[in-house]
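The letters A, B, C, D, E and F name the chains in turn, as written, and every chain counts its residues from 1.
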């Protein structure tokens, strides 16, 4: 199944690895920050609704 | 000519501090803003002087009519007193710093580096700048800080001369300025209330 | 405006000799390079034009934060903003003052430093011309950067981070002129480009700087 | 159909994007997977470049997105300057890191590609160089956002920087071209001349490009939402101080 | 002392990311060099070690004025002077904070930048070692310079002027190590010298800095 | 423990400004220096606090016993109020900033960036620093500048607590500090006379 990449295997594989890692990292970071901020905002909203 | 402030609301660091301020200051009169620390006097003065935009309401006169002197009074410590004043005189296109010098009797210090002045002497220099601007409206934030009794007297005298010349003076202070004829406005009642909770519009409340 | 110019220059001179320092920094950078890359004079001669341009650029960069920061800290900038002179004039005068106190001395001194890096004789004129033509752009662009970072305490580093990419075209064409000149090649094209950049910057950037400064002052 | 400026209202924007986001993310994931798998497993080697052509499926899309992200930021900045819609300013802010990462990917894959093809990791080829410069612009832009605490001030300053920066980025592009004639391929996706990439490589490449575009849009939506919420939170906290 | 260290680092980070900026400046200097001297990678490879060392040195230099100037302007320094910690400790902590916020990132990032200047592979290790060994000296010497120029408004340029000559030995040996390494030569001797300079500086300079600072504060 | 100042002469910028100052300040008491602008109060205070050497005479106590607060009060605008105070508490090895905070009721502002304080609030923070130093002698230069009436009250209260704790306070001011029990010393009489012209004893004066 794995295609034969010949003598350039490491080049191709490493570039795929690097790119995919970077993309996943970016996505993960964005999602996590989104979650965090959302939670914080809800918290603050509740508080500030409670007291005026 | 008079200064009409109508429905003025001011904000500092994105937070409204004072709301709905109304007053008129006819020429030849002085108005003193009072209020506890942090109520927003400095903010109001900066807004009126055109150094920051008002949140609402408007100020009758253009910034071009105002001369502002705040806590930091734009003195270059590596220039002499005379050089400092002359510079501002040139910038504002007025001529002669002589009367400014003796209005705050700085004549003796005229050739001293401004950096070599005591706190009160610096302050006097900062105030002398007002005279050379030749602007009708003086906006002064705590003008007499670290001035001694006689210097406060000089200041009061300078303001009176300015008023009799048809000028206006708007000041914020916690201590006596020696200007008993001036109207006093306590800004504490105008404290901003928290805005309505749910306007999630562009300005994010 | 003349008042402002004179005062700025005076301040630059009083504050421990604004003139001298930029020069001295330039000198030292030039002196350090051989220590870094080794004494081989053939090599030095090849990199001389580039290094000279870089040195000029850096020592110009180092004095950028003076342009507004001091006036900001002591409140002069607020007062100048309400003073009867348009913001565009203000920033232009500032840029001019900066060029007079930094750029001009650099240009005048450059031949001396070229000597240290054993620049071939035919390279001197192009170097001088390119610097004379390029440094105004450096000052104007730098003023824009300074206006962007005014009020950020010790914005110095951020300032250079923002400004250096903007310096790239000027540097490329300037150094190209100097290098080609040193190799005795045709320099008309890059020279034209350099002139274009400089005059373009002088003509347009002050408006951007003024706008940015207004934002920073409110 | 109401005017698109409605979406400049934060609430409306969040509602809409909330509905779109799931679809977008799924779609982009699918296209990406298809494109990459197709490209990686089911394409022949290039007669000249051997198996390294497979890198193109990451390299070109990322390179394109790196440029397009900056263009999008430019447009958003213009909108902010002209119409002062906070959302567009925040969108520009949200897009910057994504664009920066895309640039890094283009640089990294390119560098890795360069090793076998040109025998060097890095050459001062015009296109490579101008990408490096683009990266610097991203850095400066993000640093400026980070350095200023007042949001509106930051928005104004960064948008002016974006405008001026774009001009100088273009200048640098020409300067660099003049400065050094490179070894890099010319653009082959341009429509005017017939393409120099065979269809076998071309079709999966299109998928990958589509995937990257979708991914970019999804990320920008998500991150813009985050920025909006963060800003509202700051506002609320400030409001509590008035109490 | 820990309090001071933590606070200094915190300030550096708060002030618009003290860390990142030094790096960015380094990066930009490295990027600008080819624009100056031309793209020929053979030439670049030859000057790479020197340029990298120069870049590190300059971006370290640019952040020196932060060390004391801010504390001086707002009066903290006066208060720290009367506080119950010896002046020597004060300056050492300051130097350490500066190294942690500037030197360390530079060292870690240098291989990446070496790539841009196509440094030959065998040059990487020597470069890393020499920088890791040399940057502490840069910080300590820089602290001395900062102590000398404290209180001079915008002493920045003067500071660099005073410091750069002091940097020369460090630069020479550091760059020598890197260059020899890149050419596959023996590096033991310059390495030893570099180590000597660094440890000597760390051991002795703080006393000088403290003395100078005392003078400047009264 | 008490502070004995004997025959103190101080100079500023190389020029003697005050001569032959003598006073003792027993523990539990406060002394207020008064005098016109530029007479040399700040210089005296800086000398006593050990920030500059005296020209002649000497100060009874070591600088280690003093805590000085001048016009610039060492506040980092990028640190919060709490961070600022905690830092100084750590430096001076005292524990807990709680009482300092409510002595100048800064509790509400504790997590605000110091840069986002009004003039008076900043000043209060600067004074709160005195409390955390835990030093016996407070040396204060114009402490109540730009403080409102209630804040001045807080200040007076804080000083009284310090005195009852056996501390001492030495202050220079032009305005009322609300400390009527404090002794007042007018330094004007001690003005330095221009030195005789014919003494070329190396001091070039």
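As a convention for this text, a contact is a pair of C-beta atoms (placed from the backbone, for glycine too) under 8 Å apart; a residue touches a chain by one contact, two chains touch by 3 or more.
Not measured: the values here are computed from a predicted model.
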item	value
Interchain contact steps from chain A to chain D (minimum; 1 if touching)	1
Intersection of the contact lists for chain C and chain E	D
Chain pair with the greatest number of C-beta contact pairs	C-E
Relative to chain D, chain with the most remote C-alpha centre	F
Interchain centroid distance [CA atoms averaged], chain A/chain B, Å	52
Distance between the centres, which are taken as Cα means, of chain F and chain A, whole angstrom	55
Separation of chain C from chain F, taking each centre as the mean of its C-alpha atoms, in whole Å	45
Where chain A and chain C are represented by their mean Cα positions, the distance between them in whole Å	42
Residues of chain F engaged with two or more neighbouring chains	71, 78
Contacts with two or more other chains, residues of chain C listed in rising order	15, 152-153, 155, 158, 161, 164-165, 168, 172, 218
Multi-partner residues of chain A (at least 2 other chains)	48, 52
Complex contacts: residues of chain B adjacent to chain C	49-53, 63-64, 66-68, 70-76, 78-79, 83, 86-88, 90-93, 129
Residues of chain C defined as touching chain D within the complex	144, 148-149, 152, 155, 158, 161-162, 164-166, 168-169, 172-173, 176, 189-190, 193, 197, 205, 208, 211-212, 215-216, 218
Residues of chain E touching chain F in the complex	2-4, 7, 10-11, 14-15, 70-71, 73-76, 78-85, 217-218
Chain E-touching residues of chain D, taken from the complex the two chains share	111, 120-124, 129, 132-133, 136, 139-140, 143, 146-147, 179-180
Residues of chain B that touch chain F when the two form their complex	13, 35-38, 42, 71, 116-121, 124, 142, 145-151, 174-175
